[in-house]
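What follows is chain A paired twice: with chain B in the first complex and chain C in the second.
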Partner chain A sequence: MPDSIAIVSGGMDSVTLLHHLVKVEKRHPAVITFAYGQKHDKEVAFAKAHAETLECKPFQLLDLSAFAPLFASSSLVSEQLDIPNIEAVLGDPQPSTYVPNRNMMFLALTAAWAETLQVSDIYYGAQRHDIYGYWDTTPQFLAHINAIFSLNRKMPIHIHAPFINESKTDILQRGLTMGVNYAQTWSCYEGNLKACGTCPTCAERLKAFADLQMIDPVPYMLLGN
Partner chain B sequence: MCGIFGKIDDCAIEAAVISPLVQASLHRGNLGFGYFSASLAGNDMQGAIYRFARPYTDSLLTIDAHQHIVLGHVRAATSGARDKRGVHPFESADLLLAHNGILLNHADFPAWQGAAGVDSETILNGIQAHLDEAPGQQTAGAITRTISQLEGQQACWLWHKRERALYLWRVMSPLFFGRTDTSLTFASTRTNDCPHPLPEGIVYRFIPFTMAWQQVATFPFTSPYLS
Partner chain C sequence: MPDSIAIVSGGMDSVTLLHHLVKVEKRHPAVITFAYGQKHDKEVAFAKAHAETLECKPFQLLDLSAFAPLFASSSLVSEQLDIPNIEAVLGDPQPSTYVPNRNMMFLALTAAWAETLQVSDIYYGAQRHDIYGYWDTTPQFLAHINAIFSLNRKMPIHIHAPFINESKTDILQRGLTMGVNYAQTWSCYEGNLKACGTCPTCAERLKAFADLQMIDPVPYMLLGN
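Showing the complex of A and B:
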């Protein structure tokens, strides 16, 4: 039986989080991932693969694609909006890659499943620099949503974001120590065969690998690998 | 903290010149609007500060005649007070400052925090504290000693009231500028008047009386993004 739930997108941060929970924290998390109408779902297969490898059960793929019209102001969802490059979003506290109130919904739905599974701990992979563009990854958000879930009368839920003060470089360092296969993750906001290398999440991921003087095993269009 | 802009010009600045600069920044946040304006005429450079805790409209931009300096900010509230107290520019004994970006470690400097609880106040108060510690020191030194300790995004304009000089710098957050023989224009968003990106990690000074534009300091910084 699971003792917690991890929200895993299949990207670098959440996959590392899952390995951390199993290998370091010795938890037995169930895994949930969401399809919310994003332009591609490449990372979902990776989320499932890591859950299987780590024997995390049950695995729940929740299809929220019917809600996509609610998220259509986001360039991650709308086909009318191009994914911006990193230069276009720096200094913008809510760039077009922000998905309206997504994390609140993800956490609320996960909390519902947690009550059903009778587990009180939920983990998600917010990291230190997410704060630049996403209010729903901040320590203040975490504190407030925990205050709400603490009102539950029989099953108070606690949301954990253990990497919230760590950079992507720190997270990568953790993952490498744990043997995470980063070829089996996908961070790029575009869903092409190769990562674009220029979107905000690619720029951050590439910097993390560069900081550790390593080559990202994921193929990039710009690098020709 | 979301969009900064400004213009200094030998000729009097009209609202119709500033409005496009503001409009170009509104997509970065529009919960508040503030600006400083002053004249180059004679010794009258005290100027005036205007702050509005509501979205920008052109009706808020009332520039008096013979103003040669207009430095402004449009706000997306990422920290601190959401009312008028949190509207830029912030003011200290010697300085005015507006900031675009988010700081990550400002809570580590409680002595520099301000009444509005906005992270940007930490930059201003840190610089003012360094100036107070060693009167007569270069302002650029006070700037670099402050911002080299602060982690996070920042594009700032700083007006030194007694020096009557403008300082600009940036880390991650964008800032574009353009110069002619008689003017300087800058903004968070690239426009025809400010097409050049300001390099990161360098403090620039602009002196309106002489139109002198000069790199006055460099500082170390880190970014989580590969550029």
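Showing the complex of A and C:
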């Protein structure tokens, strides 16, 4: 039986978090991942692959993609909106890559499952960089959501974001120490065969690898690999 | 274009709320309703009927019933759990009729839609009676959820629960004044052809009609109507 739940997108941060929970914290998390009409839904397969490798059960895919019109103001979802590059989003407190209320939706659905599974700990991969554009990755958001769950009368849920004060470079460093295979992760918002290299999450990811003088094993269009 | 969103289950409280918003507050709410594997999903048709009568557009049914295993600890959902009667739930701070984290799920999904629709006001039908067993209908819950949404950097959402301090009798009195047809609402958790008359919501509903010396137009098994 699981003793917790990890929300895993299949990107670098949440995959590293899952390995950290199993290998360092010695937890036995169930894994939940979400499809919501994101262009880069190929990430979901990587979430599943790591859950299998680490023997995390049960694995739950929640497919919200039928509700994509609800999230259609996001360039991660709408075919009418192009994914901006990193320069276009810096300085914007809520860029088009923001998905309306995504993290509260994910946490709320996961908390329902946690109550049914009778586990009180939920982990998600918020990290320091995303604070620039996403209010729902901030320490304030985390504190407020935990304040709400503390009101539950029988099954208070605690949301943990162990990497919330860490940079992507810090997270990558952790993952490399644990032997995480980053070829089996996906970050690029475009969701094409190769990563674009210029969208906000590609830019952050490439910087993290560069900081550690490493080559990202994921193929990039601009790099010709 | 809508100027707000109302969450309407098809029960007495939320249907009255919708009429109140349109007829008294002169608002133009979109309407959202949820299927989540509840035994009494016949309520959904009444939500739709009132939205049509009041010309509330768009109407959105979010069907979460594929995720019913997440909520399977609730007797409103699980076929393995019987719906308790009113005596069995009084004194229980979170009875089996509680659906895990339901209201946060509904509000979180509705808030995403609100951001995409660019409306900032969401209404839901919390009322005073439900505080006995449901932490997510309390003024504290409402205050905390609004504290979270105030962090949104471009589209702060405000959750309103105008009936949160009212009894079901107060709400019924309002509805009768506005000409609400309560034959076109459904409350009973059992979801059979006739209402059981003994489950917690039937008991509350019957008491409200009795308080006003009225006969509930919905057929009840025990009353033979």
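In this section, the second predicted complex is superposed on the first by the 224 of 225 C-alpha atoms of A that agree within 3 Å, B and C clash if a C-alpha of one lies under 4 Å from a C-alpha of the other, contacts with A are read in each partner's own complex, and residues count from 1 in each chain.
Everything that follows uses one rule, which is that a residue touches a chain if its C-beta (ideal position, glycine included) is under 8 Å from a C-beta of that chain, and two chains touch if they have at least 3 such contacts.
These numbers were taken from a predicted model, which means no experiment stands behind them.
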| item | value |
| --- | --- |
| First, second, both or neither for A:Ile131, with chain B first and chain C second | first |
| Broader residue contact with chain A after superposition on the shared chain, chain B or chain C | C |
| Touched partner set for A:Thr169, first chain B, second chain C, both or neither | first |
| First, second, both or neither for A:Pro93, with chain B first and chain C second | both |
| Chain B versus chain C as contact partner of A:Lys39, first or second or both or neither | neither |
| Partner chain in contact with A:His158 - chain B first, chain C second, else both or neither | neither |
| Partner chain(s) touched by A:Glu204 [first = chain B, second = chain C, both, neither] | first |
| Doubly contacted chain A residues - partners chain C and chain B | 93-94, 135 |
| Contact footprint of chain A on chain C as seen in their complex | 60, 62-63, 66-67, 69-73, 93-94, 99-102, 104-105, 107-109, 111-116, 118, 135-136, 138, 140-141, 144-145, 147-148, 151-155, 157 |
| Residues of chain B touching chain A in the complex | 1-2, 27-29, 76, 78, 100-102, 104, 152-153, 155, 172-174, 188, 223-227 |
| Parts of chain A lying in touch with chain B, wherever the complex brings them together | 86-87, 90-94, 128-129, 131-132, 135, 167-169, 200, 203-204, 206-208, 210 |
